[in-house]
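Next come two complexes built around subunit A: one with subunit B, the other with subunit C.
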Partner chain A sequence: MSLFSQDQWPTRIPPDTGLRGIENASQLRDGTSRRGFLKASLAGTAFAASMHQLDILQSPALASELKRQQKHVILIWLAGGASQLETWDPKPGRATGGPFAAIQTNVAGVSISELLPKMSQRMHHSAIIRSLNTKNADHGGAAKIMETGRAVDQGIPCPDLGAMIAHELGRADSQVPDYVSMYSSTEGRRQGGSGFLGGRYAPMFLTEQMIPENTSRLESLSELDHSARSDLRSFLANRFREGRPDLSVDSHNSAYQRVRGIMSSANLFNIELEPMDVRARYGPTQFGEQCLIARRLVEAGVPFVKVARAWWDSHGQNFETHLELVSELDHVLATLIDDLEERGLLEHTLIATFGEFGRTPQINSSLGRDHFASAWSASLHGTGIRGGSVYGKTDADGLKVIDGEVNAADLFATIFQAIGIDYRKEYHVGARPVPITDFGGKPIRDILL
Partner chain B sequence: MNPTRIFVIAAAMAPILVWSCVVQAAEIPSPDLSISTAIDRLLQESHDRAGIVPARRTDDRSLLRRTTLDLAGRIPTSAEIRAYEQDSASERQLRLVDRLMSAADYAIHFRNELDAMLSAGGNSPQEWKDYLLRACEENQPWDETFRELLAPDQNLEEQRGAAHFLKSRLNDLDDLTNDTSSLLLGVSINCAKCHDHPLVEDWKQDHYFGLQAFLAQTYQTRSGRLAEKPPTELNFKTTSGVEKSARLMFLTGATVTAPEDKRTDEQKKADAEMVRNQREKEGLAPPAELGFSPRKEFVKLALDPANRTFMARSIINRTWARLMGRGLVHPVDQMHSGNPSNHPVLLDWLERDFIDHGFDLSRLIRGIVLSDAYARSSQWVYDTPAPPADQFAVAAIKPLTPQQLTVSLIIATMNPEKIPSSDFHEQGVDPNTWKSFRTELEKKASGTARLLEYPGENFQISVTEALLFNNAAQIQNNYLKSSDERLVNFLSNQWKAQQTQEDLHARSMDSLIQTSFEIVFTRRAEEDEVSMFRNYLLERNERLPEAYQQMLWAMITSPEFRFNY
Partner chain C sequence: MGRITQLKPLSEISTPEINLAITRSTVSIADDQRIIVVGNSAGQLVEFDFSSKNSTSEKAKSEKPTSRPFESGHSSYVTGVAWTKGGIVSVGYDRKMIWWDPLERTVLREIVAHEKWIRRIAVSPDGTTIATVADDMHCKLWNAITGELMFVQDDHQPVTPHHYPSMLYAVAFSASGEQLATGDKVGHIAIWETQTGRKLGELESPGMYTWDPKARRHSIGGIRSLAFSRSGSLLAVGGIGAIGNVDHLDGPARVEIFDWQQSKSLVQLSDTAMKGLVEQLHFSSDDSQLITAGGDNNGFITVYDLATNKVDVQVKAHQHLHGMIVDEASQRLYAAHHGKVSMWELQDQPVA
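Up next is the complex of A and B:
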């Protein structure tokens, strides 16, 4: 039931930010761009008062458009720093190698740790980067580098990877969140943030519970009243907007316009709605369940999902820790890749695994490995990636990079390029140009399609 | 950044630099003008040059709301609306400003704004908040506050809180350097850490490390006291790889020479041990003060007549930005020759006035809010495109700070009969009643305020905030619950009392709608608004309290409430 006819809604599509340079309302409406298509499709319905009837998942035309063009990223953040030697860059038989063997993968000449047997059979979807040198081996500083892709403080709060991708791929009137960040371990929680891109691109951050806060209606208010009072609000909002073209005011309206969509997307977080066999595949672990939620979110159109898994900081008992954590990673990552592939989503989705740094090749007296940022590994899987590729090389003991050294900016440029974002793009913060990829960063062409 | 880029930007900036020098040379109007006259005269000259006709003056009620939000940090009460309208139209704004600036709200709100500007995020300690509150209550000259922030006399209890500015930044020397420079001097020089600033000719690595050298010796003792280590050398490497030792250098290039370090190695060792003990051990007597304190030297240089333009212009510009929505120089931490103000003469005039009148911030604030420029409408109703924001020809729309918003929410949804009078010029009204009411509001508001984001440059409202207002029980309970304290019940009771005859039905509903609009928006409802809400309410005749709740919800979540416009 709507109180208003459609013509009381703004005909102008509210821009979602002042930072986006080129798009204006007419470009968006002309249907030539991907966003244009989505805007045009949504404009008729989303701006009608009965927004609660709109469910993006039930609109076949929209769903197929999303599948065709929308790209997604799932970042599996290995909080605390996973060992490259027990994952993607094993050194069996060396003093630094530890007790685990290396296994052949389904790509000739590529071996990885024996703790990753399932992934060894999925290397045709994967690229390994073995030559990260990110220099900072302090948890806080290193995490900042690997979250934002920048080594130097820019003097302004910089957005993290998720916020930048949400900004590039998110849609102003999206019915689902643009950036979801899941973390439920008690240690090393890092929310990340949207920095100068603004609150519109801040993550929906889940810690205590897996259903986001304030997405269900209070019981004291009926569905009808909830929607009718939103209509009253919009009436007042539209009056206020007249003669006041202001981006903050627009963001206020667009935030409220997205509420009902976000509320209806709360179900995406409910894995009870998945068939038992699907849940069983991912396994009963929290990490597994979060990756299943990530798949549900991506399927519904969320551009960026981060699943943080802790706590890899194995200063003591490195091998026990990794036996447990890498085995879990192997199972869940392989399941996620299979699931996305079966649903036709892997060709639109990039999965990345890394944390703030790797671990020392030297094994300390507690049988642990310490912080190590000068020669470590990350992995990329899915869209835009040259399957079975390995980039960079460390020396025989893994002490230093001997070929193809790359840094955080290069890794970020590679991710941007893989999902079709121009890595040379610049944001303008007032008069300050801030490139999306930090100065000097270049994509690793060898592992890109 | 590659060299070609720098060249292109530098070349593009060259004409601006030349132009700004020409304007700078223009004559500065007489110091005898009032601040508001100087502002209006100089802005008008700028508008005339640019062929701009500014927006009309906003209506009185909007100006009342705007001024109250800026000076008291909250919306006006209905009693204040009545008092305002009883004043003669020509004196209204003047009397309002004087009344607001003498009320308890003024210092509390001013304190909140300074806290937000100077704190390193998070919850700042009570001692610091008390320090700022006292400085605001006493209208302490800004040069004194500046001195106390950077070199508090910790033997004086009333200055101890000021040390929080430095203490909260001591674990990162770069943060300390950047924040001191950008928050107190209006200059963001962190780009100059690794190389001479790529875009700004003014700032070199020497400046960055020069500033850092003043602060590098400061540490905190275990007992929570600021202290300075005996001299340590601060070295840095230039882009060409040359090792340099930092000199104590201010932004103007002025330097201080530290006395020669004549300590023997043994003394140095003992000093290092002393510092370690001071840092780690409890119960030690405070370290002896050094004969030469780099931090005090810094303050001396910064406040020296030859150099104080930085600290003066920075706080003037930030105060202007707070009230006018944008700095005379924008962004506020980019005050340098490559980013000149569109109104350089005005900035010069304000600087001279500020210095001549003892760094009096309240005087400056009063002058700005009494100007015609401050009183303009935020609505651009003409067919031509709106003038650029740096012309200040249309009032800016400012997002409320979390504390402004939540304090205003309590007032907007309160039973108006439960709000004490703030007009203590009226006979028999005790100013302390209002003061304790306002203090109580601060406390009540802070819980919800913590959930909201503090607005910065390019601020956007997040969907998290919209979800909170839509679905959080605390919004419903704090503001819209049925209780004698709340407006919802007031409206319901009024309705019951008024609704005696059928023909009065619609008319009394209309008057309740008008009451609500006045309380929440400080204005009367327009005809279409009345009819919209009348229909809404009458359709829900059977459950009016809920309908009032929803009406009020729609009003408090409207942008008209969320912004200072």
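Up next is the complex of A and C:
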């Protein structure tokens, strides 16, 4: 898919989506809650207002605050399923605990795996959730749940976390992408998607290389010619628009402007523009370099960046796998937190780490751990998070949750709440309300500020 | 003994732990008893007495091997255990090295020997010198009786070419005790002179490094075992070959044999019938056969004919096999598995 088509808003739902009765993208984009609709009606403006205006009327102070604070999210997706026992919920001394010790963090009473020594000194920025029970331990189905925050079969294509945050925090006048997703390994590669929110919020998906393709001006075309062509296109488009109050034409023009913006922001992906000492801090691994790009994107105003690190599916040699991968995670995550903090960005940025599930407490005969969704962990760092907090508890062997069980919807509600998005918000797909957080999902207030 | 023609399971005992390391006990020399000591995932050493299996009594044969734990000592997996002149010595992921009284099964001496996980221990044939290797990438030589540190040998890089922590898995003495070999995750091997600590040479076996740059950006291979031939001229290196799917141990059991003095690779043995890591290696007394053991989720014991480089004998063992000792005098092989300890008879035919 080209950048151009990603940028277009769908003005009609394609016939194969099964979505009927949706006439334009604004209904999808600006769906509002019944409560908000009622408030607007009472204000006497509802039926005359566009859906976008309704959204602002619903909470103008919040919208203004969001724009001022410019919240961002970096999701570090641990593709394949990292072990909670070798990261955030160690069980040293138990048969299920594996060989790694637990270490005390800089928060009294909180211990994590010895594989995370740098993160152990940054717990004051962090919250650990140790009680996820997401029930599905199949890679594909579980990934879908953890991407969208809800069960797979909703009857409609649901947007993933990045698309929802891009929708909520993206700015109409932004010259940078709203949602960037980096995934280089082929195993478990998943593009994600914007579902009913439409192509406008689909990720800029980077796979084989970290600098977006097709963002360079053709060498045969001078910058002057390029600008002249753009001006001519705008002139003709504006002439065409006269007398045609059609949102699709506006969208078309907006898409062109965004493409030019993205072309000019291609340098954000070029870490060679970073000082050597900054690059050295993140290290030479691809994951480190991608997290440095994530920081550059956030600094430039991108609301949501996903960095997928594969492949944690350690059915064999789980401990060797985690010694290799958690060591890298520890270094890169700690560096990212430090870098964001030093730049004053951490108070506006939330970093989340999770994948599709965790790994079995039982150690199999290849010294591996298998798929496990019944009692696993995620971590949150940065804005909106009560530093040093731990939520939920598993039993002594890590076999089940014994306190504070939460699901994907609760995790998503927590993320939304941390960055100031109303987790109770609803989109409307035709007449059907679709909550931004799946039914019943509630934020984990114990780990939120 | 003569040429090994068959492996016959004699006895086994299931355990709840993962058994990682195995050695004979001191008492088995004097008393000709079949007593072995196993190190496991619970941080324990356990003594197993297979002596009843020597008896001709049917009643004794039906009895399970008895087991007795040592007193507690390690706080993580015990990854190496060896008989020495100074007692039983064990090492583990807790970085500790512990000397034990084999009769009382109590701790004699305990030290923190390395900064990171200790992977393996080897003892010189005369039982007086200990070598340990760890993920701090040091090989350390110790006086087995006094516990004195003799040499620290460094030739292994701490990070892999792809910038991840490397691991130093394997160490072995030559039959004469004069040389020592160490092997790491990326397939680098160093040969050392035991008496002086001087490096004698190095070899490369890059096929043991399983880095996958495309699908998973991850590796799980490495040199997991080393053995010198009895003549001292050959060095066998064990690990795993090119892996299709590093989620599992889905790669051929791989052995490469070097003429280490000539720095020459002689042969690469690759078995796809029974896959996984080659965790253990043992040359037969006349160097005509090489016994290998390891596995993926299943275990295997494979005996190669070194004249033809073909499999002579192969058996499927219970689950992944981590440790092995061969007692050719009594024609017994003892193995430490994931959840089991076993004894096998090495059946032979006289060498013509």
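Simple rule for what comes next: the second predicted complex is superposed on the first by the 380 of 449 C-alpha atoms of A that agree within 3 Å, B and C clash if a C-alpha of one lies under 4 Å from a C-alpha of the other, contacts with A are read in each partner's own complex, and residues count from 1 in each chain.
We take it that a residue touches a chain if its C-beta (ideal position, glycine included) is under 8 Å from a C-beta of that chain, and two chains touch if they have at least 3 such contacts.
For clarity, every value in this text was computed on a predicted model and none was experimentally measured.
Chemist: Is the arrangement of subunit B and subunit C around the shared subunit A a clash or a fit after superposition?
Modeler: With subunit A as the common anchor, subunit B and subunit C both fit in the superposed model.
Chemist: For A:G198, select first, second, both or neither according to whether it touches subunit B, subunit C, the two together, or no partner.
Modeler: Only subunit B; A:G198 stays clear of subunit C.
Chemist: Now for A:D225: first (subunit B), second (subunit C), both, or neither, which partner does it touch?
Modeler: Touch status of A:D225: first partner only.
Chemist: Looking at the overlay, does A:M210 come into contact with subunit B only (first), subunit C only (second), both, or neither?
Modeler: Once the two structures are laid over each other on A, A:M210 reaches no partner at all.
Chemist: Considering only the touch criterion stated at the top, classify A:G430 as touching first (subunit B), second (subunit C), both, or neither.
Modeler: In the superposition, A:G430 contacts subunit B only.
Chemist: Go through the superposed model and pick first if A:P99 touches only subunit B, second if only subunit C, both, or neither.
Modeler: A:P99: touches subunit C, not subunit B.
Chemist: Looking only at subunit A, is it subunit B or subunit C that touches more of its residues?
Modeler: B
Chemist: Report, in whole Å, the shortest distance between any C-alpha atom of subunit B and any C-alpha atom of subunit C after the two complexes are superposed.
Modeler: 23 Å.
Chemist: Residues of subunit A that sit at the subunit B interface in one complex and at the subunit C interface in the other, please.
Modeler: Touching subunit B and subunit C on subunit A: no residues.
Chemist: Touching subunit C in the complex: which residues of subunit A?
Modeler: 80, 92-93, 95, 99-101, 184-187, 283-287, 309-311, 313-317, 320-321, 323-325, 327-328, 363-368
Chemist: Sort out for me which residues of subunit A touch subunit B in the complex.
Modeler: For this pair, the touching residues of subunit A are 3, 16-19, 152-155, 177, 196, 198-200, 202, 204, 212-218, 220, 225-226, 228-230, 232-233, 235-237, 239-249, 251-253, 255-256, 258-259, 262-263, 429-432, 439.
Chemist: Going by the contact rule at the top, pick out the subunit B residues touching subunit A in the complex.
Modeler: 1, 174, 178, 182, 188, 190-191, 193-194, 199, 330-331, 334, 339, 378-381, 386, 397, 399, 453, 455, 457-468, 470-473, 476, 529, 532-533, 536, 546, 550-551, 553-555, 557-560, 562-563, 565
Chemist: Would you tell me which residues of subunit C are touching subunit A in their complex?
Modeler: Touch residues, subunit C against subunit A: 16-18, 41-42, 75-77, 93-94, 117, 135, 162-165, 167, 214-220, 246-250, 276, 296-298, 319-320, 338-339.
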